[in-house]
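The next block holds one structure in the form of C-alpha cells; read it before the comments.
Letters A, B and C mark the chains as written, and numbering starts fresh at 1 in each.
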Amino acid sequence: MISLAARDIAHGLGRFVLTGLGLGLLLGVTFSMAGIYRGMVDDAQALLANSGADLWVVQKDTQGPYAESSSLPDDAVRGIRALDGVAQAANVTYLTMQVQRGETETRAMVVGFEPGQPGEPPFLIAGRLPVRSHYEAVADRMTGYQVGERIRIRRHDYTVVGLTRRMVSSGGDPMVFIPLKDAQEAQFLKDNDAIVNNRARTAANPALNRPGVPGLLDAINATQTSNHSVNAVLVRLAPGADPDAVADTVRRWKHLQAYTVAQMQEILVAKLIATSARQIGMFLAILTVVSAAIVAFIIYTMTLGKMREIAVLKLIGTRNRTIAGMILQQALGLGLIGFLVGRVAAELWAPFFPKYVLLLPGDAARGFAVVMVVCALASTLAIRVALRVDPAEAIG
Amino acid sequence: MKLPRPSLRQVLIAAAVVLLLAGAATVARRSGPFAAVSVTVVQPAQADLAPVLFGIGTVEARRSYLIGPTTAARVLRVRVDVGDVVKAGDLLAEMDPVDLDPRLGSAQAAIERGLSAQRSAEAQVADARSRQALAASEATRYQDLQRQNFVSPSVVDAKLQALKSADAQLTAAEAALAAARQDVTRLGAEREAVGRQRANLRLLAPADGVVTAREAEPGSTVVAGQAVLKLQQPGSLWVTTRFDQARATGLAEGLPASIRLRSAPERALPGKVLRIEPVADSVTEERIAQITFDAPPVGVSTKEMAEVTVALPVVPKARVLPNAALKMHQGRSGVWLLDGERLRFAPVRTGARGPDGAVQVLDGLPGDARVVVYSERALNPDTRVRVVERLAGSAP
Amino acid sequence: MNAPMSTRPGQGIRIDQLRKRYGSGDTAVDALKNVNMTVAPGEVVGLIGPSGSGKSTLLKCLGAIIEPSAGRMTLGGDVIYDDAWKAGDLRALRRDRIGFVFQAPYLIPFLDVTDNVALLPMLAGVPNAQARQRARELLDALDVGHRARAQPSQLSGGEQQRVAIARALVNRPPVILADEPTAPLDSERALAVIRILNTMARQFETAVIVVTHDEKIIPTFRRIYQIRDGQTVEEAGEGRDI
C-alpha cells in the first residue's frame, strides 16, 4: 500500500512546504517564548550558582539582596565567620546602576567583591582578575566592553581587566565586578552637591557646630560621608555542614536573615519571575491555539479541495480509516515540518535577543509532542468532513 | 522482490528531511547542554615577577601647626593670609588684650609702690639699728656704773630692758624689710605673669612655613585651643597611603614607590616608603604608610588624592600562571589541569603576584602541566571540554 | 484478506424484483418499484431512461452504495442482497467485485497513471509490485501503457477515460457499472470507449451495464433495459457493429 498522504503532499509540494515554513515561523516564536522563560529561570540559577555561596545573609525581615534591597553593617561578617560550619564569609554589594563608557551608558549590576572570597567571578573568558585594590573591574561579555577599556562608575574611572560570561542579575542586566570598597563608595556616597549641602546643613546646626569643641564639626562631616554598609554576606560552608542549621543559627543569634540555596531559588524563581512566567504562559497558550487553528484551517482547505477524489476513493472501496489516515498523516507532516523549521529558526535567532534565551532539548521534545497532538486534533475537523462525504456524489 | 524506483520528487523530499534533521541535531550538539565547553589552555611559564602593592592616599604635610590663643579671646589683628610664607618668630596675629595692658600697668605701679615700701622699711631698719646701738651703749655704761655702785640696779634693769626692746625693734624692722623685699619679688613675678599673658596674645610663627588657613577674622571670638591660623612647612609633603591589610605583605620602609596625583594622573612621581604607621585601621582593615616624594612636587595641594604603587623586590625566574587560572573547588584554591581529555583539579600554593596578573606557583604543579585558563562556564571533573585558541566574544 | 478475484468470474449479474422506497408513511416514494435485470458475463447492456426514472437509484443499489428496500441481487453467482445485505463488507464488495466508470475519469490527481490503477489491488492487500504489474498489463491492453508514469493531468481526455476503465477492470470484478461514460465525448471517441468496453468485457468475462442517453452509442447495444417510473422493461437493441 502506498502512502496517499505522501503522494498528495508531493503533488502540491511547494504549497505544502511554504505552509510548513509559515507554521514553522509561528512555532519558532512559540519556542522562543518558552526559551525566554527558561532563560529567565536560568539567569536566576546562574546568579545563584555563580556567586559561589551556600548561604546568603541579609538584613532582617528582607528578601534581599536580589529581590529586595538589604543593608548590613560591614562588620557583621566577622561574627558570621566565627560560626560553626562556616568556611568562608565575605561582604558583597549589589547595585544596578548606569555605567559609562565614553559617551554611552550601559545599565549594569555593579558587584563589590573581595578577592579570593565568595562573590568573586568564578571563571573568566579573557583578561585577568584584578590585581590592584582599587579601580580595576571585571565585566560580563554582555556589556560589550573589551579588556583594556576605561569605564566610569560614579566618581571614578575603572580599567576593564577581565571578561566573563553568564554573569547577569535576575533582571538580565550584565554584571560588572569591582573591589568592595569602591563599590561601597559608589553605592553609599552621595554626589558632590549633596555632600556640600549636607555640610552646610550640619554647620548651621548649633548642636553640632559647637565653637567650644573644635574638631566636632569635622568629625560629624566625616561620619556622614563614610560608608560602612554592605548589601549581603555570602557564606561558603565547610564540607558536611548543614545549610539549614547554620542559617538557623544566623537568624537566631545574629538578628539577621539567612537564606539557603533552595530558599533563594524559591524567592527568585517563584516570586520574582512568577508574573513574567504567567505572562509567558498566556502567550504560549494563545500561540498554541493560533497554531492549532492555522493547521486546522490549512488541512481543512486541502481536504475541501479533494472532496471529489475522496468521494471517488470511497466509491471504489477505500476504507474510511485509510482516508482519515491520509488526512491525519498530512496534518502530522505539516506539524513535523513546522516543528523542524521552528526549532531551527528559534536556535538561529536566539542570540539576537537582548536577554538570554535557553532552548532545552526537553522543551523541544515536549514541543514536538504538543505539536503532533495539536495537529492530530486540528485534523479532526477535516476528517469529519471527509468521512461525511457520500460516495454516491461521485455518481451524478 | 523488486524495490520501487523512487521518483526524483521523493528523493528531494527525503534529502530535505534528512538535511533538516541533521541541522537540528548539529544545533543541539553545538549549543545545548550536551555541548562541549570551550576552554583555553596554557603551560606554566618562567618569568621574573615584579610584584607591586597598590594603595590610595592623600597628600599631607608632615608638620602642620595650629596657631591660636591659650585662653578665650577676641581676635584683634591678623597680619597674614593664606599662601603667605612666614619665618620662625614672625608676628602672625594679635588677640585683643582687653584689660591686660592696664593690668600690666597696675602691676608695674604695684612694684613701684613695693619698692617705696621697701625703702621705707630700710629706713626703719636704719632707725632701729641706731636706737639699738644707743641702747646697747647705754646698757653697757650703766652696767659699768652699777659695778661701781654709782646707779641703782633698777636703773640698770631699765636700761637692759630698753636694750632688749631696741633689739626686738631692730629684728622687727629687719623682718619688715625682708617682707617688703619679698613683696617686691612677688609683685615682680605677678607683673611677669601678666606680661607673659600679654605676650601670648601675640601669635608668632613657631617655624618657617606657609599659611594654609585663616580661620578667624579680627573681631571674632575664639576659645582656647581654637586655631586662628594654620601653618604648614613647605617641602615636607608626603602621601598618607592606605593599603589593604590582606594585600600588604612585604610592605617595608625604604621600598621605592611611584605616586600618581589625581590631578595629574599621566605623571608618575618617584618616591619612597618612609614610615609604616605602627597603628593600623581596624575598621577599614588597612595599613597606613607614609610615602615621601623624591623631589618636592610643585603645584600640589594637601588633601589631594593620589594613587601609590610600591615596588616589591623582584622575584627572579618564578614559575608563573595567569591569575585567571586560579579557581576555588571544594573549598581549596588551585587550578584545573587537562590530563589528555579529562579534567583534574590540583590545589596549588601561590607566592608573589605580579602587576599584570601573573601569579607565582610554589608547588602543586607537574612540570608539563596543561592548565585551563579561560572557560565558558564553571568546570567540574566530568565536564567535557574542547581546547580552542580564544573564546568567542573575548575580543572584537 | 479476501481474494481479489471473483470466485466465479463468469456469472454476471442478476436483479430480481428490486424495490427502493424513500421515506415512510404518506410521504413514501418508490424510486424503484419492480426492477428485473440479467446481464451475462461478457455482455454489454444499456440502461436507458429519462431523468427521474430511477436510473441513478438503480445504479446506486447495484453499486452497493445505498440499500434497496426489497428484492434480490446476485453478483457473480453470489447473492449479495436478499431483502437485506448478505455480503458483509460493502466496501470490499465495491472494491473487489464492482467496477465503476463515470462520466469523467475521476482519476486521483496526485497519483500517477499506474498507481491510479494499482490502487485498487493495493487496497485489497496485494503487494505493491504485483499490483503495479497487473496495472501495467491492463494499461498496455488498453493502449495507454506508454503513459504509465505520467500524471493524469498530462493525459488527453480519451487517455484518461481508458485509464479509468483500466481501473474499473483491474480487480477482475464480475460487473462494471458505467454511468454516462461517453457523455462528454464526440462520436468517434464515444464509439471507441464502447468498443473497448466490449472488448474488455469479452476478454475478462465481465458483465457491463452502461447507463446512458447518448444517441451515438445506444445503437451498439444488443440488449437494452428501459427504465420508467421505477420499472424496467427489456428490449432488443440494434446491436450495431462498431
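The rule is short, and it goes like this: a contact is a pair of C-beta atoms (placed from the backbone, for glycine too) under 8 Å apart; a residue touches a chain by one contact, two chains touch by 3 or more.
All values derive from a computational prediction rather than experimental measurement.
Ranked by distance of CA centroids from subunit C, the top chain is B.
Of all the chains shown, the one with its CA centroid nearest the global CA centroid is A.
Chain centres here are Cα means. That of subunit A falls 69 Å from that of subunit C.
Centroid to centroid, with C-alpha atoms defining each point, subunit A and subunit B lie 50 Å apart. Centre-to-centre separation between subunit B and subunit C, using Cα means, comes to 118 Å.
Subunit C has residues 128 in contact with two or more other chains. Contacts with at least two other chains are made by no residue of subunit B. Among the residues of subunit A, those in touch with two or more other chains are 10. Per the touch definition, subunit C reaches subunit A in the complex via residues 56, 59-60, 63, 65-66, 91-96, 100, 102-103, 106, 108-111, 115, 119-120, 122-125, 128, 151, 167, 179-180. For subunit A in complex with subunit C, the residues that touch the partner chain are 1-2, 4, 7-8, 10-12, 308-309, 312-319, 322, 391-392, 394-396. Across the interface of their complex, subunit A is touched by residues 7, 9-10, 13, 20-21, 23-24, 27-28, 31-34, 52, 54-56, 222-223, 225-227, 243-244, 246-247, 283-284, 307, 322-324, 326-328, 330-331, 333, 353-357, 373-379, 390-391, 393-396 of subunit B. Residue ranges on subunit A touching subunit B, taken from their complex, read 6, 9-10, 13, 49-50, 52, 75, 87-88, 114-116, 122-129, 131-135, 141, 146-147, 161-163, 165-166, 181, 211-212, 214, 228, 236, 238-239, 337, 340-341, 343-344, 347, 359-361, 364.
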